[in-house]
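Here chain A shows up in two complexes: once beside chain B, once beside chain C.
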Partner chain A sequence: MATIDLVDVRKTYPGGAEVIHGLDLAIADGELLVLVGPSGCGKSTLLRMIAGLETVTGGTIAIGERPVNKVEPADRDIAMVFQNYALYPHMSVRGNLEYGLKNRNTPRDVIDARVAEAAEMLEITPFLDRKPRQLSGGQRQRVAMGRALVRQPKAFLFDEPLSNLDAKLRGQMRIEIKRLQRALKTTSVYVTHDQMEAMTLADRLVVMNSGRIEQVGTPIELYERPATVFVAGFIGSPPMNFIELGAFPSDVQSSLSRQATGADLVGVRPETIVFESPDSDAIRLECQIELIEPVGAESHVHVRWNEQRLVVECRGHPGFSEGQTQAFYLNPSALHFFDQASGQASRAAS
Partner chain B sequence: MVENRPWLNVLTHCVLVLGVIIVALPVYLAFIASTHGPTEFLQGIVPLLPGPHLLENYGEVLTQGMTTSGAPPLLNMLANSTLMALIIVVGKISISIISAYAIVYFRFPLRTLAFWVIFITLMLPVEVRIIPTFKVVADLGMLNSYAGLTIPLIASATATFLFRQFFLTVPDELMEAARVDGAGPLKFFRDILLPLSRTNIAALSVILFIYGWIQYLWPLLVTTDPKYYTIVMGIKRMATVADSDPKWNLVMAAVVLAMIPPVFVVIAMQRLFVKGLVETEK
Partner chain C sequence: MQTKRTIFPNRVLPYLLLTPQMLITLIFFIWPAGQAVKSSFEREDPFGFKTQFIWFQNYTKLFADPSYLNSVGRTAVFAVSVTVISMSVSLLLAIAVNRLLRTGRIYTTLLVWPYAVAPVVAGILWWFMFNPSIGILPYLLSFAGIDWNHRVNAGNAMTLIVLASSWKQISYNFLFFVAGLQSVPQSLSEAAAIDGAGPFKRFWTIIFPLLSPTTFFLMIVNINYAMFDTFGTIDATTSGGPAQSTNILVYKVYSDGFLGLNIGSSSAQSVLLMGIVIVLTVIQFRWVERRVQY
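Let's look at the complex of A and B:
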């Protein structure tokens, strides 16, 4: 149990390329924090710096208020779950679970008790004497988590642990990780590029982009009040539509600029666009339907409005046909406003 | 490709049988020759069926050697060869696995240079550098010793290179997981890398054992004391005799005996080879 504090953390590679640009982050005790961002944004590097697998070239990282910049990974009291599991192939599952404890000279009876407990929790007791190669992907993932669990560390670090699993298993394991984390209340940092995984798992979410933090907050905060264009486009599926303010008719423009002064980009969530009985101040867009993607409970309708491509999420199957013209309505109170030059959200003027 | 064409079957079998004959016939002839008396060969006709002198011939070479050509008893030479081959296997594998570990897993100054220097020695086998090597060994007083027989052959890059290539295929995450699990460099090497290299070590052992066993030129140079003769050079000594015909039956007995240990090693290690092929997943 511990907090993790990052103060002005930087990472510069020997070649001179800075990949983490002075980053501050306080992770609360028992929190499940998810780092999310596109590949190459530095999220894995940051996690590996917390783990001690990458050196810190600037700033301080403290785990449980103890600065750990120069501390070996083994002495940081953290456990890590790797993307490709990184199980020791020549050891049995039991051997894999025990290895970290043995290296710390843990007494035999404690090792046995912890292994039994972790195996019970993860339902891998029947496989304890098998080799990793005799297990399926999901089972290996459980063993990898078990290896972290038995150590009873101050913090868990997850590096895209589910990306090698198929979609169905990923959903199951996601729930399991969350349940486990809730039960153990161990501070956890979880890296993923999958925004769905990030949203569902996180207590708090950190969106990263090219070595910087774009926004930190609960998943709902980030979804409802994205601070930047990047966050707005990254969180939510299908992604937010962006329309330049200048594309609207002038009367709409002037009424919108009253809502947010200085904004020149309007963001619209696909699920807030409707096609039926709007109230009077809704903005009407005459669109051409290009493509319909039925997804079961809803349909993603790809439409073209003037030169602009938009995605509309409709409940059920609205019975449009591709190529037809259809009016859609935007609710002005559900719009997001941004300043294109700075990429920042413009707060409502009121 | 599953095809069922009878004439193709016949053809493939013919080719295979031919191949077996080419390899096996000389061995068979050597064995047959070693069971005959000394006079049979002088007529110029090679017998094809075993003769009655099997035990007699083998007994003689094993315990007495061939006094006329100054060859010591074969038992002694077999022991020397075995010892030499084993020292080469153990020495080469232990040195090269450690150096490969250093080159792959540690960042030290001139690391790449070190690797290339090791790599370049691949171009310089013992035969190429034989004169300077002999000079060095002689100056160090290692002539007529097991050290002189083996050390120059131990220093070579092939095994280092092979282990390096293998270590590069081991995922980095394993090393990182071990670091998080509290395993230092030596523990990681002992607990993880060494067990993973088991099949590689087995394969290399076979190759290196045979490499050590068939050494001819080097032992010929550094040993003048019959106590240190090895079997392969011994055969040559038996075949060249002054003022009389070589005793081919005894030479062939020595040849057959010299073949047995490598064959035995290959057969014994074959299980590990196959296991290594099955256990490819890391």
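Let's look at the complex of A and C:
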């Protein structure tokens, strides 16, 4: 159990390229924090810096209030789950689980008890004497988790642990990781590029973009009040539609400008666009339907309004046909406003 | 292994295509080997006038001959030393190069050079360096109080051929070890580092076991090399001397047969060597088939 504090953390590679640009982050004790962002945004590098696998070239990282910049990975009392599991192929599952404990000269009876407990928790007891290559992807994933659990570390670090699994298994393991983390209350940092995984797992979410933090908050905060255009476009599926303010008729422009002064970009969540007129102040858009994607409970309708392409999420199957013209309505109070030049949100008056 | 099956329209063509290789194998391998087996059962006078069939006498004589048994012992010492030295040095070099990112290729290229040197040239090279009258190393060693003379000192002579032979084989082993090390995923080392294993422990408990397929393969290849391919090196440095101290089995075949003109005994020795090669090859093939298993 520990907090993790990052103060002005920087990473510069020997060639001179800075990939993490002075980053501050305080991770609370027992929290499950998810780092999310597109590939190359520095989220894995940051995790590896916390683990001690990458050097810290500026600022400090503290685990449990102890600065660990110069501390070896082994002495940071953390455990990491790797994307490719990194199981030792020549050892049995039991050997894999025991390795970290043996290296720390843990007494034999403690090792046995912990391995048994972890195996029980992850339902891998029947496989303890098998080699990793004899296991399925999901089972290997569990062993990788088990190897982290038995150590009972101060913090768990997860580096895209589910990206090698198929969609169904990924969903199951996601729930299991959350359940385990809730039960153990161990501080955890979880890296993923999948915003869906990030939203469902996180106590708090950190959206990163090119080595900087865009926004930190609970999943719902980030969804409802994205601080930047990047966060708005990254969180939510299908992604938010962006319409330049100038594209609206002048009367709509002036009424919208009253809501958020200085904004020149309007963001609309696909699920807030409706095709039945709600009330009088809704903004009417005459659209042409280009493509319909039925995804079960809802449909994603891709439409064109003037020169603008938009995605509308409708409940069920509205019975449109591709190519038809249809009026859609925007609710002015559900809009997000941004300043294009700075990329920052302009708070709506509501 | 999966190979593509080719269907030839002409029935004779495949045999025709095989003929050159078959001829080479027959003329240069099978026929001489057959000759060796045949003459190992015969006694021939040095001038080739009279040949007598004597069954296994050449073999029974060999095993009673202290100089042959001495040679077996020398060969064992030599082969084990060369294998251990060349493999451990090349593994060290491979580990060192594997840690480098950009300069690794340059070192690899440089380290592979000795492999291109012919055994005799390698032998001459080391013979010069260790030459008791004109060599630089005996001169330097004399400051350490070591009186180097491989012409009279059996230990010195053995050291010389072991050094020369190992040096030549390091390149080959190095290439295989570098490839082997690169196939061990980086994340395993990282996982072990987090699991509390220091660099040495990581190497011995994770990397070395995963290298074992490469290590085993190289061990067989190196024993083979030391026992059979070092003829040129020995001929150019010590010629088996002093007093038989570096007369390993393959050199003894030559010295007994071509210098001593005892064709029968020499043939019997080469048949025995052939047996050893066959055994080593079978072990290697057997094992290569199931090398994926750690």
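Note that the second predicted complex is superposed on the first by the 348 of 350 C-alpha atoms of A that agree within 3 Å, B and C clash if a C-alpha of one lies under 4 Å from a C-alpha of the other, contacts with A are read in each partner's own complex, and residues count from 1 in each chain.
Note that contacts are C-beta pairs under 8 Å (C-beta built on N, C-alpha and C of every residue); 3 or more make two chains touch, one makes a residue touch a chain.
The model shown is predicted, which means the values in this text are computed figures rather than measured ones.
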Chain B and chain C placed together on chain A: clash or fit? clash
Classify the contacts of A:Gly100 with the two partner chains as first (chain B alone), second (chain C alone), both, or neither.
both
> What is the contact status of A:Ala86 with respect to chain B (first) and chain C (second): first, second, both, or neither?
Replying inline: both
Handout entry: chain B versus chain C as contact partner of A:Trp305, first or second or both or neither
Key = neither
Note: overlapping chain A surface for chain B and chain C spans 51-53, 72-74, 78-80, 82-84, 86, 88-90, 99-100, 103-104, 147
Note: in the complex, chain A contacts chain C through residues 51-53, 72-74, 78-80, 82-84, 86, 88-90, 99-100, 103-104, 131, 147, 151
Contacts from chain C onto chain A in the complex sit at residues 185, 187-188, 190-198, 201, 205-206, 209-210, 294
Interface with chain B, chain A side, in the complex: residues 51-53, 72-75, 78-80, 82-90, 99-100, 103-104, 133, 147
Listed in rising order, the residues of chain B that touch chain A in the complex are 171, 173-174, 176-183, 187, 191-192, 195-196, 198, 279, 281-282
